[in-house]
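Two complexes, one shared chain (subunit A), two partners (subunit B, subunit C).
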Partner chain A sequence: MPSNYPGFKYEANREAVSAAKVKALESLLIEKGIITSNTVDNILGYFETEMGPFNGAKLVARAWVDPDFKARLLADCNAACEELDFPQGMSGAEGEHMRIVENTPEVHNIIVCTLCSCYPWPTLGLPPYWFKDPTFRARVVREPRKVLSEFGVEIDDSVEVRVWDSSAQIRWWVLPMRPEGTDGMGEAELAALLTPEAMMGVATVKV
Partner chain B sequence: MFTKFEHFAATSLMGNPTEAPPRKDGHLHFDRDWEKMAFGVAIALSKQGYYEWEDFRQTLMATIKEWETTHDLNDPNWDYYQCWLTALETLLIKSGVIAAGELETQLAQLLHCKSSEL
Partner chain C sequence: MKLQHNLGGLEGLDPINTETQVFVEPWEQRIFGIHTAMMALSNHLGDSLPDYAIEEVPTEFKSFWTWGHLRMGAEGMHPFDYFRLRYYEKWLGGISGFFISEGYITQEELDARTAELLENSAKAAAPLPSGGAAEIDAQVLKYLQEGDSPLRELPAPPKFSVGDRVRVKNISPGDHSRLPGHLKGHLAEVVLVYEGAFTYFFPTEDGIGVPMPVYSLAFKNEEIWPESLTEPNSLYFNDIFEVYLEAV
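Up next, the complex of A and B:
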């Protein structure tokens, strides 16, 4: 049956057509026994609950309130991941070793992957577009302060900027400084302040 | 190396900005519910072996390229998941999961049911 179904003009009703078409596709695939009503939820659930920056945020928030945990996180990121109740495969089962570096008043860290786009996805989720951009990759090594300033992060000349280049063996990420005015906050509240950019070193944590 | 198919599939699309799905703060970003369904179905069926993920990726890239050659680059009608859905339909027919015309028939039935309920 052609798509000139009465009442539908493709461009004008594109939204309605697409929504209906996907619904039709879903029911067709269910009828054929190819998928069940849970299939897609299971796929999406992986992205929503297993792989995302909420994992990194939890680790950082715990490190902010628990100095012993912080020491363990800095010493062995993958082992520290295992202490939190994360899903299987989070802590380097895929051969990816993560290392976290701490921002201090003296040192600001930023991550990059100059070779490709290695990224600590278990803690930070999917990388932003620009992470793979060749210009970003080249410039962040050559002129990190300028790049940071374009991200809105002004680094005082007295602060050392360190650039960490990830590889297939080690994926770096950043433990940002806990912002002022968060003394009374609990872990969940602190975790909510964190963004992937802050844990990449291209943003500061704001309250 | 990836042990999770979902992760492999998603990261394989991160190669260039046009082919990568919209993201926000490290998460996939869906504007509409049907986008989630189209995204999930494409991954699920490849995971189940109905087609190779690379075939989906190539079909998606071809669909995007076709849009780009027939539209202005700043055309506000550009829509990533419209291309995704077109690519999915194309590949489902090509790999024999559904027959040509089958989806339209289903769609017509669905719409017919709805309109008769009104």
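Up next, the complex of A and C:
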């Protein structure tokens, strides 16, 4: 389990206290008519089945096989999403204004939110722990290559690294490069190669 | 200046923790869900672009709750607490405090219920209370699907154009800000003027929350940090509200 700086001291029952407190809070909110007994489960279920990185993966796979679609996706991400057969909501919560930037042999993009954890929910779902951790947020803006190498990605000095910090209302994500050796693959097979990390710019796509 | 506003470029930190799970403890899912429900039931949604009949939703929640409210809780913390606590621990403290300060629950009932669950494993394992109006969950789903776009009509033409050099103002963040502190006083180039104006819903002391232009700015890292600490061939882009910028 991730921990914070090891010099900080915590109670032995740190997680048990939080688990009890959040259950106490949720049960009080249900009893007082603020939410229902299904509200939290429904929200979590929505991110399991409707909104998640599986949507982003389909968009990237389509962009890899269809250059015209790729151009439309880069020009207007939200409009391009409407071309695919997604459930309702691709311009819903935290996806109202999305933009995607393309990795090429000349440019490598990474997303970050130094103030919090802004993230395009419809295409990528919810952000992984590392994206929210202050160490990543602090380091990636000044030393992106070192950070990438800790993720196992080496970027040549000849490649321009662009870091996109979401401090206002745009939610950014990354169109990674299609890997070699995928010429015969269809969209579903290509989509299965994608990870959230690849669509955030801290991983390359592997076959 | 608060350290949590000035994260960018801190030196001496550990290697990246590359944990890819979203939730590292099961309880964290619950506070995420509660926050998202509050966003979906916030009283300001009656004025949003999607057609939310928020006054008719049969929830007892009648407050204004946005990302700004959540972030203010974390940004207002003692900086060492900010770093001592994990992400969702900060949410749990801020959201619990909000329900108490708005009078929905009391600190005493929350503490008593928490203690009861900690002491009694059967109660801790028991299901949540059942019930609630289905219309509440219908509104939550509608919010997830339709969101809350901050895009508005421009109140005045943007002050800056693509290619302009601008300086980030050196202002106090107050309780909550969308200006990364490490950019203050630094120069950047406008690379894009986003169409329209963006509100933030939540009025901050430092001036956002009314519709205004937003710019994509390109910063050279060596203008922000000593060159010996930066890397070659990298550019740092940031989306910045107009009120935070001044002409050079």
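Rule of thumb we're sticking to: the second predicted complex is superposed on the first by the 156 of 207 C-alpha atoms of A that agree within 3 Å, B and C clash if a C-alpha of one lies under 4 Å from a C-alpha of the other, contacts with A are read in each partner's own complex, and residues count from 1 in each chain.
Rule of thumb we're sticking to: contacts are C-beta pairs under 8 Å (C-beta built on N, C-alpha and C of every residue); 3 or more make two chains touch, one makes a residue touch a chain.
Quick caveat, the model's predicted, so the values are computed rather than measured.
**Q** Can A:126 be said to touch subunit B (first), subunit C (second), both, or neither?
**A** A:126: touches subunit B and subunit C.
**Q** According to the stated criteria, A:40 is in contact with first (subunit B), second (subunit C), both, or neither; which is it?
**A** It touches subunit B and subunit C both.
**Q** Have a look and say if subunit B or subunit C is in touch with more residues of subunit A.
**A** C
**Q** With the two complexes superposed on chain A, say which partner A:19 touches: subunit B (first), subunit C (second), both, or neither.
**A** In the superposition, A:19 touches subunit B and subunit C alike.
**Q** Mind working out whether A:196 is in touch with subunit B, subunit C, both or neither, as first, second, both or neither?
**A** both
**Q** Have a look at where A:160 lands relative to subunit B and subunit C in the superposition and call it first, second, both or neither.
**A** So A:160 only meets subunit C here.
**Q** Tell me the contact category for A:29 with respect to subunit B and subunit C: first, second, both or neither.
**A** both
**Q** With the two structures laid over each other on chain A, which partner does A:142 touch: subunit B (first), subunit C (second), both, or neither?
**A** Only subunit C is touched by A:142; subunit B is not.
**Q** In the superposed arrangement, does A:114 touch subunit B (first), subunit C (second), both or neither?
**A** Once the two structures are laid over each other on A, A:114 reaches subunit C alone.
**Q** Determine where on subunit A the residues touched by subunit B overlap those touched by subunit C, and list them.
**A** 1-2, 5, 15, 18-29, 32, 34-35, 39-44, 46, 51, 89, 93-95, 117, 125-129, 132, 196
**Q** Inside the complex, what are the residues of subunit C that reach subunit A?
**A** Residues in contact with subunit A: 4-5, 7-10, 13-22, 24-27, 29-34, 36-37, 39-41, 58-61, 67, 71, 74-75, 82-87, 89, 92, 95-96, 99, 104-105, 109-110, 113-118, 124, 128-134, 136-137, 140-141, 143-151, 177-180, 182, 194, 198, 200, 214, 216, 221, 224-225, 229-241.
**Q** Quick check on the complex: what are the subunit A residues that touch subunit C?
**A** Per the stated touch rule, the residues are 1-2, 4-5, 8, 13, 15-44, 46, 50-51, 88-89, 91-97, 114-117, 125-130, 132-139, 141-147, 150-151, 157-170, 196-197.
**Q** Spell out the part of subunit B that touches subunit A in their complex, as residue ranges.
**A** Touch residues, subunit B against subunit A: 1-4, 6-7, 10-11, 14-17, 20, 23, 25-28, 32-34, 36-41, 43-45, 47-48, 50, 77, 79, 81-82, 85, 88-89, 92, 97-98, 101-111.
**Q** Which part of subunit A faces subunit B closely enough to touch in the complex?
**A** 1-3, 5, 11, 14-15, 18-29, 32, 34-35, 39-44, 46-48, 51-53, 89, 93-95, 117, 121, 124-129, 132, 195-196
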